[in-house]
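Structures incoming, each one as C-alpha cells.
Across the two complexes that follow, chain A remains constant while its partner is chain B and subsequently chain C.
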Partner chain A sequence: MAASLSARPRSAGLLLAGCLLAVALSLPLAVLLGVADVPLADSLATLSGGGSAMARSILLEFRLPRVATGVLAGINLAVSGLLLQRITRNPLADPSILGISQGATLAVAVFLLVTVYSHAPGGNTLPDLPVAWLPAVGLVGGLCAAGLVHLLALRHELGPIRVTLCGVAVGALLHALAMGVIAGWGSTRVEILLEWLAGSLYARSWDHALFLAPFTMAGLALLPVLLRPLDLLGLEAAAARSFGLSYRRAFTAVLCLASGLAASAVGAVGPIAFVGLLVPHLARFVVAGHRALLVPVTVMLGAVVVTAGDLAGRLIGGADEIPIGVVTALLGVPVLILLLRKTP
Partner chain B sequence: MRRSLTSGGLIAALLLVSVLLGVWGLLLGSRPLRPEVLPAVLLHPDDSLEAVLVWTLRLPRSVSAFVGGAGLAVSGLLLQILTRNPLAGPGLTGVTSGAVTAILLCFLLLPGVSSAYYPGIGLAGGLAAALTTAWIAGSGARPMRLALGGISVALFLGAVTTYLILLSGPQAASLFFWLSGGFQGASWPKLLSMLPWVVIGTGGALACLRAISLFSLSEQAAAGMGLSLAFWKPLLLLLAVLPVAGVAPVAGHVAFVGLASPHIARLLHPPGPGWLIGLTAALGGTLVVAADLVARTVVLPRELPVSIVAALIGGPVFLHLVRNHRITSKEEG
Partner chain C sequence: MPVTCSSLSVVYGRRQALSDFRLSMAPGEIRGLIGPNGSGKSTALQTVAGLIRPAAGQVEIDGTAVHGLPRRVLAQKLAYLPQHPAAPEDMTVEHLVRQGRFAHVGLFRRYGPEDEEAIRWALDGTGLTALAGRSLRELSGGERQRAWIAAALTQQAKVLLLDEPTTFLDIGHQVEVLELVRRLSREQGVSVIMAIHDINQAMAVCDAISLLQNGVLKFDGPPAALAESGLIETVFRVRGRFVTFAEGGPPHFDLSLGVIPA
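So, the complex of A and B:
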C-alpha cells in the first residue's frame, strides 16, 4: 500500500548506507547541539575523556543519556508499530491508537498520586516523586490495556477490525479515566504529570536507558524468529492456518511482544504519539521493494526520528523546549491524513 | 400511539428524576443543608449562607449540568445520523477537541478577547475538526475510518493542548481541570451563555425532523425524496456542533455522554425521530446531572471531573457497541 508511494528501485547497499548515514549524522548532532552552548572542541575533548567540568556534566549526565533513551524508545515504538500494523492488517495501527499508551498513562497517573499521598503528602517537586518506578509502572499499565483489548477481541476470532475498534474504545475509556484521575487528585502535581503526558525526553537519565535496553534487545532478538509467523499473520486467519500456523497463539505472542516494546517505551518517555505509526510507513517508502531490509530500516529510522525530533524541539523551543510528543504529533498528522486518504 | 405515550411518559419520568436529583444535590456538598430548611431558602432567598449556597452555587450548577448533557446528547445523535456511524459522538469525531483547542488558543494568545466570544470560537474550531475528520473518513459508512480519523485528530489536538497548557505556567492546573470537563464553575451568566446554543441545536434538530428521519434511513433515501444533500448535510453538521460549542467554554471536554445517550435512548424504542431526540436530550441531561452529583460529592471536599464518572457510565456502553457484531460485520465481511 505505502510502497505504491514510490516505485523506483534502489540498490540495497545504497539504501543501507543512506540510513546509516542518517543515524551517524543525527546522533552526534543531538549530543553536540543544545540550549547550553558547549564549544565543539570542549565537547570532543569530553567525549574522548578530558574536557571541562561543565562540558562533562552537560554531555555525560544530560545529553548522552537523553539521546540513548530516545534512541531505545524510538526503536521500541517503531518496531511495535510495525508488528501491530502487521497483525491487525491495518496500516494505521499504533500503540497510542490501540490503547496501550493510554493504559500506561493511567497506571502512571494512579501510581504517582497514590504514592505521593501515602508517602510524601506535601511533595510536589520532581525529586520527591518516585520517578524511578515510572517506567515499570507504565509497562504494567500498557500490558494490562493490551490484555484487555485482546480479551475483548478474542470472542470474535481476533478479527483485525475488531481488535482495532476494541483498542480505540479501551483507549478512549482509559484516557478519560486518566484525565479524571489527574484533574481530580493532581492539584499541584498537574504540571509534572502533564510534562510526562506530552511525551518528553526532558531529564531522562542513564537509569531510563538501562531500563529500556533489555526490552529493545529482547525485541530485536525475537524478531528474526517471528518473521515467518508475521508473514502468515498478514493473511486471513483461515489462510494462515492452512499454512500450519496456530493463528491464535502466534497472534497473542506477537501482540505481547509489541505491547511489551511499546509499553516500556511509554513508561520511560511518556506517550510519544505517531512514532509507531509513521516510522514503519517511512521505512516502507524508503525500502521500496527490498522487503528483507524493512526491519533494519525501521529500527534505524525509529532511532533517527525520535532523536532528530527531540533535537528540533530543544533547539526551536529554547528554554521552554517543545516536548518530543508534540513534535511527532505535528509531523505525524499530515502523513497520517495522506495515508488514510490513500487507503482504499 | 401507545408507544408515543410510553415515550412521553419516559421523558417526563427522566425530567422528574433530574429534578429530584437536582433538589437532592441542593442539599449535598461540603456544607450539607437540612431538608427542612430548603423550602424556605428556595421561596424566600435572602443573604444567608444557605441561600447563597443554593441560589448561586448549587442550583445553577445542576441546571447547567442538565442543559449541557442534553446538548451533548443531541449533538451525538445528530453526528451518528449524519455519519451513519454508531461510534460517532462529539468525542470520537474530534468536535470537542477542536472546540476546546480553539478556545484555549484564544485564551492564551489573545487574552483581550471577551469570554462572550468563546462559544463562537469553539464553533469554528469544532466545525474545522469535524470537517477534517469527515474528509479523512471519506464517503460511506465506515466505522473504522471514522474512528481512526477522529482519534488521530483528537490525539493531534490533545498534544497541542497539552503543550499550550505547559506553556501557560501557573494557570496550568486550573486550565487542565477545565479541559478535563466539569461544571464546577457554573453560574447563572455562564448558563445563559450556554443555553441559546443548546436550544438552537436541539430546536433546530426538532425543526428538521423530516430531513433527519430520511437521513436516518440513508443518504440515497434523503436524496431520492428530493432533499438537497449539499444543503442539508452542512446544516445538520452545524446543528450538531452548535451545542458542543456552547457547552465547551463552560464545561470543557465532557466525554462519552454524546456517544452513549443516543444508544440508550434507542434501546427504549421511541416511535419516531422526534421522540428519539426528546428522549436522547432528557437522558443526556439526567446522566450528566447524576454524574455531576457523584463527581462533586463522592470525595468531599475534593471534586472529580464529571468526565471520570461519565466515562464509567458511558465507557461500558461504548465497549458493548464495539463488541456488538452488527457494527463491524459489514467491514469484516
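So, the complex of A and C:
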C-alpha cells in the first residue's frame, strides 16, 4: 500500500488535513451563524458554560441539536450512497434506487393521514401532531421497502442488476401509492407532509440526534470489516466468488447496513435530495488515486455538505428558511454535472 | 487427483446444458476444453469452479467435494477466470491483482511479505510490472485480460480454470499467455483447464482435450488421438485435415475454406 501511495503526487496527509479543516470550519460556523443574531462573544461564553439566557436557548436547544442531527444524517446518507453505488455497480445509485426514500415517504404519509384524522380538528400544525414518531415510522417504512427489494432479488440470482431493477420497480410502486394518499388527502394539512418531503433540519432536537447516533456508530464500526468485501463486490460476481468472497452473505450484509443508514436518515430529516448520490462522487474526485481514503473522506464530506447546505439555507432564506433538501438539490445538480464532465 | 468430475449434469430451466460430463486430471496437466459456441464449455468450467450447482454428479478437488467448501477455502485450491469479467474502471492494475490475495488474507490479516511477493510475481509473470499503477480504463483489451490473469495467479492455487484466456489478445500476447500456462504446469505442477477456441493452440499446448457438443462429451484424450478421430470436422461442421509439420510436433488442423460440408 505504501508503494502505491508514494507514487502519487498529491499527498494523502494533505488531503485528509484539508477534509478535517472543512469539517472544523463548517461545524462551528453552522452553530455560530443563523437567522437570530447572537453576538460572537455571547455565543462563545455560552459554549464554555456561561452566556445570556437567550443565547443559551438558541444555541443549546436549537442550533447544536440541529447541527448534530445534520452531521449524523449527512454521514448516514453519504455512506449509504457509497455502499449502494458499490454493490449495485451503478454510479447513479442512491437511497432512492432501493425504494428506501419512497417506502419512508409512504409510511410517513399514511401515518400522518391516520393521526391527523384521529386527532382533534384544531390540531393541524406540526407541533400538535405526534411528530416525535415520524423518524421511527420513516425508518420502518424504508426498511420494509429495502427488505421487499432484497426478497424479490433473492428469489433469483442476487446480483447488481436484479437488485437495481427490483428497487426501481418497488420504488415506483411505493411512490405512486404515496402520491395517491397525498392527493386523496385533499386538505391544507398536506403542507405538514410537504415540509417533511422536502428534507428539512427545521426544529430538529436532541431526540433526532439520539435516534440517528446508533445507526451512524454501527455503520462506522462495521465499515472497517467491510472494506475488503466492498472492493470485491465492485467486481463481477463470478470473479469475486472465485477470489474467495461469500458473495451472497457479503452482498446482504452491505445491503442491510446501507438500508439502515439511509432509512434512519430519511426518517429523521426527510429524503434530502442528492446527498447520497453526490457525496460519494465528490469524495472519489477529491481522493483521486488514494482508494484507501475514499471511505473516511466520504464520511467527512457527508457531514460537511449537509451542515453547510443547511447553514446556506438558513442564511439565504432568513426567517423563511430554505429546506436543506432544496439547497442540496440546487447546488448538487451543477456540482454533479461538473464532476461528470471532469471524470473521464 | 487434483480434479475429478463424476457424471456431472447441469440443467438451466428445461435445457440440459451439460450431461454426464466426466473429467479426471493429473497434477500439472493442461486440459483443453473445446467445442462450438454454446456447447457447454463455460458451464463445465463454472461447475468445476463451484459457481454452478450440478443437478447430478460431483466435482472433487484433492478428494474433497467442491460444493459445500467455504468459498475462501476453495479459492486457495482453485482459481477461476471468467470470460469478460467487469471491474470498476478507476481501479488500478495493482489493486485488482491484490484482490486475488483475499483467499489468503481474509477480512483482517495484514498483507505480509509472502502476499506482496505473490503480487509482484504475478505482475512480473504477465508483463504488467510497468503498468501496475495504471487504472483499468487506461488499458487495452489485452492488457486488461492479462491483469485479470495476474489476479487469478496471485491466488497461487494448484488448479487454474481459464475461460478463453487468449481472446482479445494479439498473437504475440496469445503466445505469452500459453507459455505462462505451460510454465505454471511444468515448473509448479499447476493443473490447468482452459476453454479455448483455437484448435491448433489447443493441440500444441494441451496434454489432453475434452471435446463438447451440445453439453455432451464427445471426446476425452490426447491431442493426437483427437486428430485421428475425425471428430473436429463433424462437431464443428467444417472441412479440413490434420497435417504434421515436424517429427513429433503437434498435429495441425488445416481448414479448407469455401467448402460447405453436406
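Note that in this section the second predicted complex is superposed on the first by the 315 of 344 C-alpha atoms of A that agree within 3 Å, B and C clash if a C-alpha of one lies under 4 Å from a C-alpha of the other, contacts with A are read in each partner's own complex, and residues count from 1 in each chain.
Here is the rule we go by: a residue touches a chain if its C-beta (ideal position, glycine included) is under 8 Å from a C-beta of that chain, and two chains touch if they have at least 3 such contacts.
On a predicted model such as this, the values are computed, not experimentally measured, just so you know.
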First, second, both or neither for A:228, with chain B first and chain C second: second
Which of chain B and chain C A:171 touches, first, second, both or neither: first
Which of chain B and chain C A:39 touches, first, second, both or neither: neither
Touched partner set for A:195, first chain B, second chain C, both or neither: first
Which superposed partner A:89 touches (first chain B, second chain C, both, neither): second
Partner chain in contact with A:184 - chain B first, chain C second, else both or neither: first
Contacts of A:214 with chain B and chain C, given as first, second, both or neither: neither
First, second, both or neither for A:50, with chain B first and chain C second: neither
Partner chain(s) touched by A:245 [first = chain B, second = chain C, both, neither]: second
Of chain B and chain C, the chain that contacts the larger number of chain A residues: B
Common ground on chain A, meaning residues reached by chain C in one complex and by chain B in the other: none
Complex contact set, residues of chain C against chain A: 46, 49, 51, 70-72, 74-76, 78-82, 85-88, 90-92, 94-96, 99-100, 102-103, 105-108, 111, 132-133, 137, 148, 151-152, 155
Parts of chain A lying in touch with chain C, wherever the complex brings them together: 1, 4, 7, 89, 225, 228-229, 231-232, 234-236, 238-239, 241-247, 284, 289, 291, 344
Chain B - residues contacting chain A, complex: 87, 91-92, 132, 136-138, 143-145, 147-149, 151-153, 155-156, 159-160, 162-163, 165-167, 172-173, 176-177, 179-182, 253, 255-256, 299, 302-305, 307-312, 315, 318-319, 321-323, 325, 327-328, 331-332
Parts of chain A lying in touch with chain B, wherever the complex brings them together: 90, 92, 96-97, 152, 155-156, 159-162, 164-166, 168-173, 176-177, 179-188, 190-191, 194-195, 197-199, 273-274, 320, 322-323, 325-326, 329-330, 332-333, 336-337, 340-341, 343
